[in-house]
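Below, each structure is written out as structure tokens.
In what follows, chain A forms one complex with chain B and a second complex with chain C.
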Partner chain A sequence: MSFDRPNFRHPKLAKNSAGYSRTDYEGAISTLCAGCGHDSTTNAIIQACFELSIVPHRVAKMSGIGCSSKTPAYFLGKSHGFNAVHGRMPSVATGANMANRELLYIGISGDGDTASIGMGQFAHALRRNLNLNYICMNNGCYGLTKGQDSATADKGSVGKRGAPNMYASIDLCELAIELGASYVARGFSGDKQQLVPLIKGAIAHNGLAFIDVISPCVTFNNTSTSTKSYEYVREHIEATNTFDFVPLQQEILAQYSEGASQEVVMHDGSIIHLHKANSSEDVTDRLQAVNKLELEKKRGRLLTGLLYVNPDIQETHDIINSTLRPLNTLTEADLCPGNSALQRINESLR
Partner chain B sequence: MNKRESVNDFVVRFANVNGSGSASANNLFARAIFRLGVPVSPKNIFPSNIQGLPTWYEVRINEHGFLGRRSGVDLAVAVNGQTLYQDYQEVLPGGYFLYDSTRELSEKFNRDDITVIGVPLTTLCNDEFKNPKLRQLLRNIIYVGALSFLLDLDFSILTESIEKQFRKKPKLGEPNIKALELGFAYAKEHHAGVCRLSVRKSKKLGDEILMDGNSALGLAAVYAGATVTGWYPITPSTSVVEAFERYSRQFRTEQDTGRNKVAILQAEDELAAIGIVIGASWNGARAFTATSGPGISLMSEFLGLAYFAEIPAVLVNVQRAGPSTGMPTRTQQADLLACAYASHGDTKNVLLFPCDPKECFDLGADAFDLAERLQTPVIVMLDLDLGMNDHICAPLVWDDSRKYDRGKVLSAAELDSRQEKWGRYLDIDGDGICYRTYPGTHPTKGAYVTRGTSHNEYAGYTEESPIYQAGMERLLVKWQTARSLMPPPRIKIRDTGFAVGVVFFGTTTHAAYEAISRMAEQGLEINSLRLRAFPFQDEVVEFINRHQMIFIIEQNRDGQLRTMLMTEIGVSPRRLQSILNFDGLPITADFITKKIQALLADEHQENLQVSQGGQA
Partner chain C sequence: MKPTNTEDPEYFHKVIDCQYACPSHTPVPEYIRLISQGKYDEAFTINWISNVFPGILGRICDRPCEPACRRTRVEETPVAICRLKRVTSDFKSDNTDFMPKVPSEKNGKKIALIGGGPASLTVARDLLPLGYEIDLYDDQSKAGGFIRTQVPSFRLPEKVLNEEVDRILNMGVTTHFNHYVESLKTIADKGYDAIFVGTGAPRGRDLPALPGRVAGDASIFIGIEWLAAVLYRHVSSTPEKVLVLGGGNTAMDCCRMARRLGGEDVRVIVRSPRADMKASPWEIEDAEDEGIPIIDNHAPVDFVVEDGRLIGMHFQKMTAEYDANGRRKLLASKEAPVFIACDQVLLAVGQQNAFPFIKEDMPIQMNEHGLPVLDEKTYQSSVPHIFFGGDAAFGPKNVITAVAHGHQAAISIDLFCQGKDLHDRPGPTTNLVSQKMGMQDWIYDSHVSPDHRYAVPTADRVKSLKDRLVEVELGFSKKTGHQEALRCLNCDVQTVFDFSTCIECDACVDICPEFCINFVENGDEDDLRARLLAPADNRQQALYVSPVLPTGRVMVKDENVCLHCGLCAERCPTSSWEMVQFTYNSALAGQK
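== the complex of A and B ==
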């Protein structure tokens, strides 16, 4: 059961450049457990959309099955949502995107969805570089079925069920980079400062932007022995960069010290401004990105931030050279060749 | 020896090696007969293989227009060493066996009841043509030339066909014509007066076309305005999407930009293929996919979502022989139950059953209207025989005044002018069909979350039993509406005493009509109903109930249509007798006739026993 929020709006609420207040980006009240990391992620999505002045009803929210996939009900209540079947968000999002390239697609998925049942769809959406903001709320366990380990649970990590996970974990960010993803980031639901700009960058990106959000499950996987608990993540987090997202036509106000920053100009002209710990790092270098992830893993650290971006890549519509008009707006006149053409076809079949 | 003699009524069977370029030669032969106005039905009987295994091409020529498969070979053209003896054995007594006499036949080829016609295809070919790649193709053309003489088949029809085919590259046409002449000349010199089968120009055909069902379906999708397809290659459905792609290249390029007015995505599997269709349909584009049995199994979960969340989807199932991988290159009608009730829980899906390419085109286009009107999956049921073989049918027609029926979709203005509160699953018309909205329509109205979990009339999640149950019952109201929208069955009443009736669908049609005609000649008039859709209409119930005996003719083992008739319209199992062909080859009139006669004889015997008081 989801509950609606009251519609009351304070007249003096701050509005963005599109004329919407932050509350216009909210959805129904969450029915997830109190303290669930997913609710913080939902909030970061709301904040990012508000700050970027996204027109709420021009967003389509796509999801699969699981706790994470319930969240589209909890943000952007004026947008259509599609809570599909387990692991199949990417294909439904692909079809939706093909039908109308003008909407903004936010795909919400979890680690069960993405790293197990739907891994094939995850891989191929990346390969096709679908213009989709793919947010994986990753808690290392199956919450809705009471806490079984997922494929992203670290080996040896112990959740509430008490038995250590016996299998190697899948690093979705590394996998995404290897599969040709064009925007890969990792955030932590407890670090809104970092997560909001990561989402904003993803929205500006033309292609598949994948964000792996470590999002602790307070009920089943927040134990002192779990590597996906709030405490563990806070202690082991390592940011590769701090991050500013500068939307198109907005002045860069912050100043950065020479040599330690990198600017990435996105498809729509907006700029990602990275403040880096190490000036020799290049966020557009795939090899470096994978090496760094492995290196930090070896040190027992969880690398977060913008890991890799390729702003010049073609998205699916460009690859297949489809019309710039949304396909769902084409009519008989655009689509049907008519009877005289059919008679010529008949003639060729005689 | 009594040689088989016939004008315009015989079967020629070509035995070739798969991948040896025989298809174009065999097509040339079949199309020539078609162009002479003689009804012809060619059938590929091919292996699940790209190169090397035996493949056959059966051409039935029939002046009466019976286009079903006929068993028995009058003339074999045997150019495959692997099956040479088998092909020799299968010629009917009095028939003819044409082979490549470059190699002599061994002693075991010793039948004295057939006529052997040797043409040294390889020698003729190699002496004339030097290009090794062309040789393989032209060797086949040479036997077509020989057939032209043997069957008295108008030679100019063949040369015209070649000229038409190579209109843009006349240089390539020349060796083909030369090959035809070689074969013709050799047969004339060595086999004059040998063959008593012949093809004579006929007025039987008028403006008909010769086309495969899959191409017709792909073309229907273009005409019906499909713009999105996700698909995964699987025999025998692949050529549906290939045809869609081919016709899209022709008709769907934006003049000013060169961009495509279509999105065709080869998916990673069938799950993704139907997922793409559902996503696109949900977002207001017409979308479809094509698959075969194994794909249906994989798509089942998604079909349940589309049924329950009420999203249009058009799916083409070109059926092949199952279960499991079964016989991927053989035909069957064995996915009825899997499609009608695809997915867990209580689901029912609309099925359409075309019987020829013309109907593939018509029902294929209608499927898009029906799916959007009913907001549910519609599955067009072809089979390999219909999909991959050429069939003669009436020419295709499109009514230029036809508008796509996009169903109940609210625009922004309609949302604004609505008095009552809109509910995605609120049935205000009483037909079980509710109003939907596309994403992005209106700033504040019409948004909802589509879900496969139970929902109330306003699309909110609910687990309240009465609300869930009411929703499930409304889907049955919609199912009743669907019945009224289905294409009606084709009923032919020949016996007003209503003694015997037969029910069939799809590619059984041609063989069934031929069997009915044969039995009529023997004095038994049989009424028939050709089913074209599921859910079944009242006419189907009435037809069955009016007859003393009903035969259900299907191409599967378990009598799947019979099962559906029993459960859906409550016909007593005792009243429905099955006639089942499931060997993977198209059903024949012979088979149907024999089965019906045997069952009628049994019945007669039983009645006799009853009237005599039975036996202890």
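== the complex of A and C ==
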């Protein structure tokens, strides 16, 4: 068993526009099980950050507890991070985000961490539209505690334990749309071609971006009878759309035919070009999004891709009108405007 | 692309860059691994079987393996393959169990070897254990050929040479030393079943037409004749100022020898640009380290002789121009010739074959270059029972090539003496051994050393420049040898992919530090190379392509910069990747 990765990297790898190579976005060698979907999701995050030329030390990674929540150790080793208690990633991310809105926040959670113990926190982070990239690595089980069914396990799905799950499952994407998330997507760890652009879109989005990544637990929930296994997911996956993510600083080169494509301008000026199967679809329509999810579920299909986006929404800081500057840069003069200001306030209340 | 056929022994052989580049295909990573385990005897034996002269080659081999070493593609410097070969010879025990038994009962076939260089000695070693009787003819007083008469002792001590040459002679060669073969016919008339000609390329080129050549003759020497004269102590000193003409390895040996015999101001003058010099980079470096300047782009004009004494030479400055095809043209510059003073000139401007002993009475067909017409695989000449090898076959090369020729000629002679088809040759023996040891552990040391190449310690410069018998390089210590050995990437431990169990989870793709592995739609080679995760533009290295997987894609691995670190196999949940040691041994005479 290797405890480190060789230092050598392919001699012809390119650097990104910020001057970093892909290695600068890597973390420690993974200690997850060989073949765990979370490792692929981790690599999709590395790839997205590399391609977007994110400055590593301007990122904060937050997570809860679970195999999924361990992954921040395996990417962006030069970024800030906080490994919170079980289900508490959103509140720690909220606190950090309130204190410094200039960093890029990546919140990592699992289906257990999100849909069971952390459900309340999840709901409120969505409702407030915190500027957070919330990535849930969803394997339908509690991997770290040996594979118990989680709240996202489908009814009747049978994992390694051998007994069918008795309860109905929670669809985190539907719930997120319902609760006010402004960017909702679903990906699959085994399809980076789709997952990497989804993460890039999330990073460009201002507000809560939720990505439900089906990320198989190869050790406890990869049986042929599980609906979260590599094989099952591959056979039942349905992409609602594919898209090109064009960052602000990049020229649009492709030609897009009208009708079958939709252009979404993100808050930072980047553009998402969706290629749709059906020209009447509108990815900014909440009602359509929920309908589509339900419809495909009825057909026994798992809908993936960018499900819903509202680029013009206010995030928490806009709503509460908080200061634009990180709190640690505020001086006494900023915080204590002096007697005359106080008199003015008092006067206005009289 | 079609799925890769890993059953073809040459597929995995090619992945072992060093072994593939070695003319006699020495199993390099295997002996290097044995060094790292302190098993010097085993490591020596592997070398001896394959290249016959580990102690000699560990010092003077031209080492085509090193520029080929994978390490040059993942960092700057290759593994010191050659110097590690010397380690096996320096630290082996006195045990001689590796020697094959030579039967006392002979097979009734008699073979003559003409010339006692490495090519002939290899033929002798390969044939003696099969019961052949061997007669060796050489015009020198001892065997070894050019590695005795040409290669200076400060690079190759006589003791090492004697040990390795005698090991073969003592297997039972009947030697006829100081025996110049005047006519091949007289040997053929003795009724040998086969004759091997390993007479080398013994003639050094002269510059007979250059003005002053005759007048200055007393101070002008042909390099290879002069080196032999030094060995036999006919020459024991040089004057102060010596010019060496030529840019090959012979020039490097001449100038360094002149430094040791009293030359204070020794210079090497080369016609062409330095970058085009034929000498190995390390030989040039060694010469410069000894204070010998190399002056390039200077073509000789004349020898200047005054009062019957050579006082210097004129040179025309040259400039090199390259046409669209990269072909070089040397053009004389407009400047007047420059004069460089000297007391002596050594000519090392080329080496030629000469076969004065092959006369009209022997119907051996020669080509337009004055070389025998040979079958390129069997080395058989137009006279069926006469074979050629070494420098005598295709012109001057090096020791390891002479050894490789010797092996092939021995196979041919053995087949010939049995009346078999010379083209139905024995193939290599190969073997695959899984390296799995428990869940995620390997028998081989998969850790990749980040160390840079270790330097070989050298003798004190002042001392070694005073005495031509002092060996310059001291060789690695056991400790440094061990560290250097750990730099080897174990290119013989192959990544073997079983497509039937792969679940396409991407774990191998994600962990691979070099981005070798891809799961993509199939295409032709150009198309695939353009679509891989990392640039795949080294066409010398293969793409390993699997049959079609359940998603309709194929696995494509670019072998180019794989570190053989085993991480892909460690991270694979279904063991679809496995680390498997591949051994490849070239055939020797007598094998099926």
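Here is the rule we go by: the second predicted complex is superposed on the first by the 322 of 350 C-alpha atoms of A that agree within 3 Å, B and C clash if a C-alpha of one lies under 4 Å from a C-alpha of the other, contacts with A are read in each partner's own complex, and residues count from 1 in each chain.
We take it that a residue touches a chain if its C-beta (ideal position, glycine included) is under 8 Å from a C-beta of that chain, and two chains touch if they have at least 3 such contacts.
Because the structure is a prediction, the values reported are computed rather than measured.
With both structures placed on the common chain, the touch criterion links A:Tyr230 to chain C but leaves chain B unconnected. Of the two partner chains, chain B is the only one touched by A:Glu102; chain C is not.
Considering which of chain B and chain C touches more of chain A, the answer is B.
After overlaying the two complexes on the shared chain, residue contacts for A:Phe8 are found with chain C alone; chain B is out of touch. When the two structures are aligned on the shared chain, A:Ser189 is found in touch with chain C, with no touch to chain B. Common to the chain B and chain C interfaces on chain A are residues 1-2.
Residues 1-2, 5-13, 29-30, 33-37, 39-40, 42-43, 189-190, 192, 216, 218-219, 222, 230-231, 234 of chain A are the ones that touch chain C when the two sit in their complex.
Chain A meets chain B in the complex at residues 1-2, 55-58, 60-62, 72-73, 77-85, 88, 90-100, 102-103, 120-121, 123-124, 128, 316-317, 320-324, 327-328, 330-332, 334-339, 341-343, 345-346, 349-350. Residue ranges on chain B touching chain A, taken from their complex, read 34-35, 207-211, 219, 222-225, 227-228, 230, 250-252, 254, 257-265, 267-269, 271-285, 287, 301-302, 305, 395-400, 402-404, 437-444, 447-453, 460-463.
In the complex of the two chains, the chain C residues touching chain A come out as 73-75, 439-441, 446-448, 450, 503-507, 509-511, 513-515, 534-535, 537, 550-551, 561, 563, 565-567, 570-574.
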